[in-house]
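Labels A, B, C and D are assigned to the chains in the order they are written; within every chain, residues are numbered from 1.
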Amino acid sequence: MRAREKCGVFGIYGHPEAADLTFLGLYALQHRGQESAGIVASDGKEIKSHLGMGRVSEVFSPEKLKGLTGHLAIGHTRYSTTGGSNIKNAQPFLADYYDGLIAVGHNGNFTNTKTLRRRLENKGALFHSTTDSELVTHLISHSKTKTFPENLIEALAQIEGAYCLVFITKDKIIAARDPHGFRPLCLGKINGGYVVASETSALDIVEAEYLREVEPGEIVIISEKGLESLQPFSVRKHALCIFEYIYFARPDSRIFNHSVYLTRKRLGEKLAQESPVDGDFVMPVPDSGNYAALGFSQKTGRPFEMGFIRNHYVGRTFIQPAQRVRDLSVKIKLNPVRELISGKKVILVEDSIVRGTTSRSRVRTLRNFGAKEIHMRVSCPPHRHPCFYGIDFPTSDELLANRYNLTEMTKYLNLDSLGYLTLEGMLAAMPLPPEEFCTACFNGEYPVEPEEGLSKEVLER
Amino acid sequence: MRAREKCGVFGIYGHPEAADLTFLGLYALQHRGQESAGIVASDGKEIKSHLGMGRVSEVFSPEKLKGLTGHLAIGHTRYSTTGGSNIKNAQPFLADYYDGLIAVGHNGNFTNTKTLRRRLENKGALFHSTTDSELVTHLISHSKTKTFPENLIEALAQIEGAYCLVFITKDKIIAARDPHGFRPLCLGKINGGYVVASETSALDIVEAEYLREVEPGEIVIISEKGLESLQPFSVRKHALCIFEYIYFARPDSRIFNHSVYLTRKRLGEKLAQESPVDGDFVMPVPDSGNYAALGFSQKTGRPFEMGFIRNHYVGRTFIQPAQRVRDLSVKIKLNPVRELISGKKVILVEDSIVRGTTSRSRVRTLRNFGAKEIHMRVSCPPHRHPCFYGIDFPTSDELLANRYNLTEMTKYLNLDSLGYLTLEGMLAAMPLPPEEFCTACFNGEYPVEPEEGLSKEVLER
Amino acid sequence: MRAREKCGVFGIYGHPEAADLTFLGLYALQHRGQESAGIVASDGKEIKSHLGMGRVSEVFSPEKLKGLTGHLAIGHTRYSTTGGSNIKNAQPFLADYYDGLIAVGHNGNFTNTKTLRRRLENKGALFHSTTDSELVTHLISHSKTKTFPENLIEALAQIEGAYCLVFITKDKIIAARDPHGFRPLCLGKINGGYVVASETSALDIVEAEYLREVEPGEIVIISEKGLESLQPFSVRKHALCIFEYIYFARPDSRIFNHSVYLTRKRLGEKLAQESPVDGDFVMPVPDSGNYAALGFSQKTGRPFEMGFIRNHYVGRTFIQPAQRVRDLSVKIKLNPVRELISGKKVILVEDSIVRGTTSRSRVRTLRNFGAKEIHMRVSCPPHRHPCFYGIDFPTSDELLANRYNLTEMTKYLNLDSLGYLTLEGMLAAMPLPPEEFCTACFNGEYPVEPEEGLSKEVLER
Amino acid sequence: MRAREKCGVFGIYGHPEAADLTFLGLYALQHRGQESAGIVASDGKEIKSHLGMGRVSEVFSPEKLKGLTGHLAIGHTRYSTTGGSNIKNAQPFLADYYDGLIAVGHNGNFTNTKTLRRRLENKGALFHSTTDSELVTHLISHSKTKTFPENLIEALAQIEGAYCLVFITKDKIIAARDPHGFRPLCLGKINGGYVVASETSALDIVEAEYLREVEPGEIVIISEKGLESLQPFSVRKHALCIFEYIYFARPDSRIFNHSVYLTRKRLGEKLAQESPVDGDFVMPVPDSGNYAALGFSQKTGRPFEMGFIRNHYVGRTFIQPAQRVRDLSVKIKLNPVRELISGKKVILVEDSIVRGTTSRSRVRTLRNFGAKEIHMRVSCPPHRHPCFYGIDFPTSDELLANRYNLTEMTKYLNLDSLGYLTLEGMLAAMPLPPEEFCTACFNGEYPVEPEEGLSKEVLER
């Protein structure tokens, strides 16, 4: 299991086929969550929704989309870490607010969930899911202020942790990002309307023009009156998720205002400087290792080869039938090119190592195909700490770097050498100053302390 | 629409989990046909089968596989060109032969189908499908010789065209390849048993050891007695499908005894020599253009960049919802990296161009992302003629090279320059002598004349 | 469309296979709702649930049932009148109460829904469905008393109208019936445990022994401590739904403490006395008219014949293909026996007439099959008024008896004569005194006034 | 398990919505086979078909029906006795005849299958199913005569046993009934066109007018030229299946030219005469026992009561969850009316007893509900012999009457008395002379000897 992002969000106002474009946007954000998908649309009067388990392509049919008429819509793709895969946890979450239906999609993770929930239950609130999205709707409905924006500000003020929230009411789209700015959220323009999305690849697909980030702590309200921006909260230290640049975001996206592709290449270049090695060629573990490998190859002048071939027909669930074939699910996804590998010194570039089991299988496969030497280079430091802000890592006990030192890891993975990028090297390759980032999963420095229960729960998971 | 291979075949004898391994083998051959899949297995006494429409992963569940017990099995993946997508045409084709059940999977295309069918109908034969596979079973059942191998030889002697046939009876696997050897078929060893498969990537996945090609004109019988080889037909000129090397076969496969990956790189190198151009970097149209682009880059020293990012979540059927988004289905599959493309001279490497509509959309997308110049290089000559031996091209009228000359194509595709590899260049990059290949789709020189009706039908399709 | 009951409820405590028995109980209550079904079970510690759209047999598989372990369970079958058919409205309704999960199934209809809902929304409650079941859970969660029974009593005290509610907490089953006792609810004993169900046919199927009714206004709590009965509300006039005896309840059930079958036969006898007629034989419109027809036949001595044959293969949704065949969906369900009908004077017994369209088609069919005379007798008075207590009639405008007088109805239905049972005759056939019943749908005397909006809504539906 | 009919057939010529009417006709014949269904239609030029596993309502959607355009069509519902439930055995069976597509549906059973099959296999025929329908198409395609009718006559001349065959070619409907006339087949008229069907209830549903039987040995050809009748075979002794009157055919059908309903009533009257008994009332095992029970009641003057209530929501497959509930699948279908049964002497009328297990459960249930005495009367003689002509009985060993004598059966079923109708009584109640009928299942006198293998197979099944 790789680390997994919790979600992708999308919202659009001002296009006659808002739900259709949202559907496309979700396609472009599918890598951020494949467990459930949903779209909520409005024509200014009535809100319609469709949600389901599975990928965007499985959840929506042309008929389903046809029913989602209107010029504003939000969408969500989800991967869940807790509570099991369940249609009740699918998003956007809909609630019948005294003022009409509202729906909300969320990317991130609140760190004071239990406190908030206890507080609301004491007031009589009944919960139907375990999502942060439901929590925020209750906070809004229990607010005593008068307008929806006031209710929302009052609600957000109680929340700690990471969030990018996109709301829809019958005539408005509202987007909010937490003051630390953990997760990315961008703003685009389309035919006089607006789009918000987790990544710019979702703007590209709908041919929206990139405007800017939704800023940390900003609330953006999009309605008939155009775009209104609120900054109701005091400024806090930024804590952009550095792992979005390393692994999560799509390489064709611009996040936190800079290109992911170019950043990853710089990580590879830095890695080549910090951890040089002699080899016949550089090859990535595709697709996530491709870009650092390109940087590594270009920096060192050693040829780039695509020595693993990806099988595009392996779906989400691979039925493993034959017990006797070793490393099957690993091999069926990536098969090496025997004539390239055989008898060669291979420099293998990987974006990150989490538990190490998959890497170990890959190395074994290369050995079986006759590789003479295998040198692995990893374009970020070792992962050692849990994330409380929306990424699902294995428990700390399972993280390879918590079980072994470098020598042991090299042996465990059966490598000739293993090199990680340093924290400093990683930060130096970034397009923004070091203080802008959250690097907690590498060094344990948490910008926001999680409440007691949460931190325990994650460690034991 | 790309050109499409008609089928992939797999057979195994001598492994206790024959059907499970066949299932894996079909996964590795999925690119050769995604319309239907089937497995027929035997335990030496009883034949069991399961076939269905769709991909291998959709057709088989663990329960279905469990029922297919036995130590021999064959499998098939199919894409059909004629007669519509229909479960009746799914393969392996089963028939209740007087001597017990037989089943057969086929890759290729007979060129005298109508003659054969008329002949059999006059004898009272009833047909249930329009497949070559059914035809061959009738030829076998109407043979007056005594043993199955004799029946088979008598049947094959009547067939003209391209075939790789894999049969299963209750206790034997039989593989036959036409004397011209149009399509690939390889033989491997596994734990004292044998495997036959269209490509070696299917041997890799089941950890079988590559032995050799099934030779053109060879019949291989695998049973309790081991492997027996027959060469009953007179030798004919070889006509290996060159397009397997260019586009169809997997890059990690060895076909016709040589590496596809290395051959494709040489095509790219040759292309760089024949059609040099100034540019900031070389980028492929992934994934099929990757390897020629690597060869081109390494030959010229210009950097290799992966400027198109592939969306892995686009399934077989993409629901196109929004009429207003141009080139949608093209763009959703491959999105360019804006920061890389913008303001640059791009050398774009493609393996082949058939109708040109997709290429045109790709170029338009790159222009929209700010490319300054776009120079396309194609690693084979222009396609101008239909294939009668198992590949489905668009009709001749639709082939771009039949509609325009090079200048017109450059303009139609909106390129700054366009260069194709020459026929001579292509042949020079091959690992075998020119006279071994069929190059009919490029130069119209057909090794076997199709019967009247067939050739017309293909041209009008 | 016939009149439709809104729901059936079932609950069991003290059997190791509580969910399995609930599944059976729901089968026996399927006639009370076929739109959705659900079961919630507990093993004393954890609550598990499964709900789905469709019939009991469609919603539950052996695997689904297996997961519902524990010795207590409740179940629900539902037909909805408002808000559309929607999984969100499926029941039992689950809510995460501060004290743990609770779930509730409901049969009946609250008559002050809007008042209750407005009151709760002002307190911050968010609604996810339009069901009375959700409403009652919010009333409970907003109660300020300390124990669950106290919360429940406080909640019920605010509700007006008809209800049979069955709750499950992790270790208790609680059943409550409104003080008027509109809908039936019975109590049975099984191996030292208890069962509650809408009808005794559900006790029969699980081999529970009938004990008694859950009394109007009674709350029954079943737990480890056994059965506890509360009667917290002041006594009100009983208002048992007389239409349960006439049409809804199963003939093999005992409701309100008396046999439905025998009551229906008495209705037929009374009808024969009040509205005698000359005819060759008495035949029912099956199955609901069977029992009154038997009573009519036995009282008059005229032979009973089953002149309509029911097609058991017509599912819930009949696909009507051919526009040219008249009365098709009617005829496909019941086809007459030509040789019996032809040339005869038929006395046709129906339990009730609502809109009259189906009856009209039936009569036309009999005429086409050669009936000489057709005399229809109906075993209740004409329906003229809406029901606010859990039965879904057509709007008042659509009720046949509101559109025509008796002569006009006779003509509209193309009968030789038409006779309804009188209100007095109906009450005389009942096993309980007249003052025990609600007869509002016949005479408009409503025991509980509905709030403004509700009554309008029903009339306009 | 009850005895089961093998199939129902339907054909129509001359109606613009031929497939729609066939769909309706199959609904009316659904009781004759619920395992698969199919329709083949033609517009005079092209033949289209749709077949599937399951009931008519499951196999056909409005879209599927829409595709089946044309003015002629045939349909089939099937229950299979051998070879497993399999889409390959679904009918109508389609074959690509040298003269174009033909399709055929079959009701009956050939008794010389093995001989025919061996003969055809020796000529090179390949089989894809184990159906008689496929066999007949091979016989036709191997005929050396010139026209289709000649081919058909030559084919039928080789067949022994029972058949009603309905063929469709692109412009004709052909129906053929074997010379003994085992199974029913009727002919109707509709708007200048014609209908053939297994039973008249299928004519009723499409509003066709009954004309006559298709006579034993008759071939009827319906085309543009109208209806042509051939009688190419020599006359043989008639052998109409008497069990169609007793149990199989719908009570609203006329078969062999007479009413099923009235015949069943006469069986009940005869039974009352032959086997009188004292009791409080007569009640049937519904629905098949209803009509004999009515006859019994009317003959004796004892009241008729419907003491078993049928649950209409039990589908084809009832999931039996709870092991502890005895006789569950029996009880869930029919629940007794406790207040009626309790303390009473019950005369229970059943149409037939095959294995006796279900009857035994029913009696036990009645005892549990307090019946004082139970006297069972059966409206046909005991079943003792297998049927080779299209009905699937349990093996001879399983037949109750082969295991016990009357006293033992009475005890096994836990009855106070048991009475069967005599063979003479049964024949006397029939509307045709005794010599018209096949009564082999009662007395073992087979009108056509089955070939060796077949008779053994049935006995051992």
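For this structure, a couple of remarks:
Here is the rule we use: a residue touches a chain if its C-beta (ideal position, glycine included) is under 8 Å from a C-beta of that chain, and two chains touch if they have at least 3 such contacts.
This structure is a prediction, so every number in the text was calculated from the model and none was measured.
Residue numbering shows that chain C and chain D use the same positions for more than half of their mutual interface. Among the other chains, A has the CA centre that is most remote from the centre of chain D. Computed centre separation for the pair chain B/chain D is 50 angstrom, with centres defined by C-alpha atoms. Chain centres here are Cα means. That of chain B falls 62 Å from that of chain C.
Averaged Cα coordinates give chain C a centre that lies 37 Å from the centre of chain D.
Counting partner chains per residue, chain B has no residue touching two or more of them.
Taken together, the touching pairs link the chains into one ring where each has two partners. Those chain pairs judged to touch are A-B, A-C, B-D, C-D. On chain C, the positions that touch chain A within their shared complex are 94-98, 121-128, 137-138, 141-143.
Residues 17, 20-21, 23-24, 27-28, 30-31, 34, 55-57, 60-62, 65, 200-201, 204-207, 250-252, 254, 259, 261-262, 287, 290-291, 294, 297-298, 303-306, 309-315, 317-319, 321-326, 328, 331-332, 335-340 of chain B are the ones that touch chain A when the two sit in their complex.
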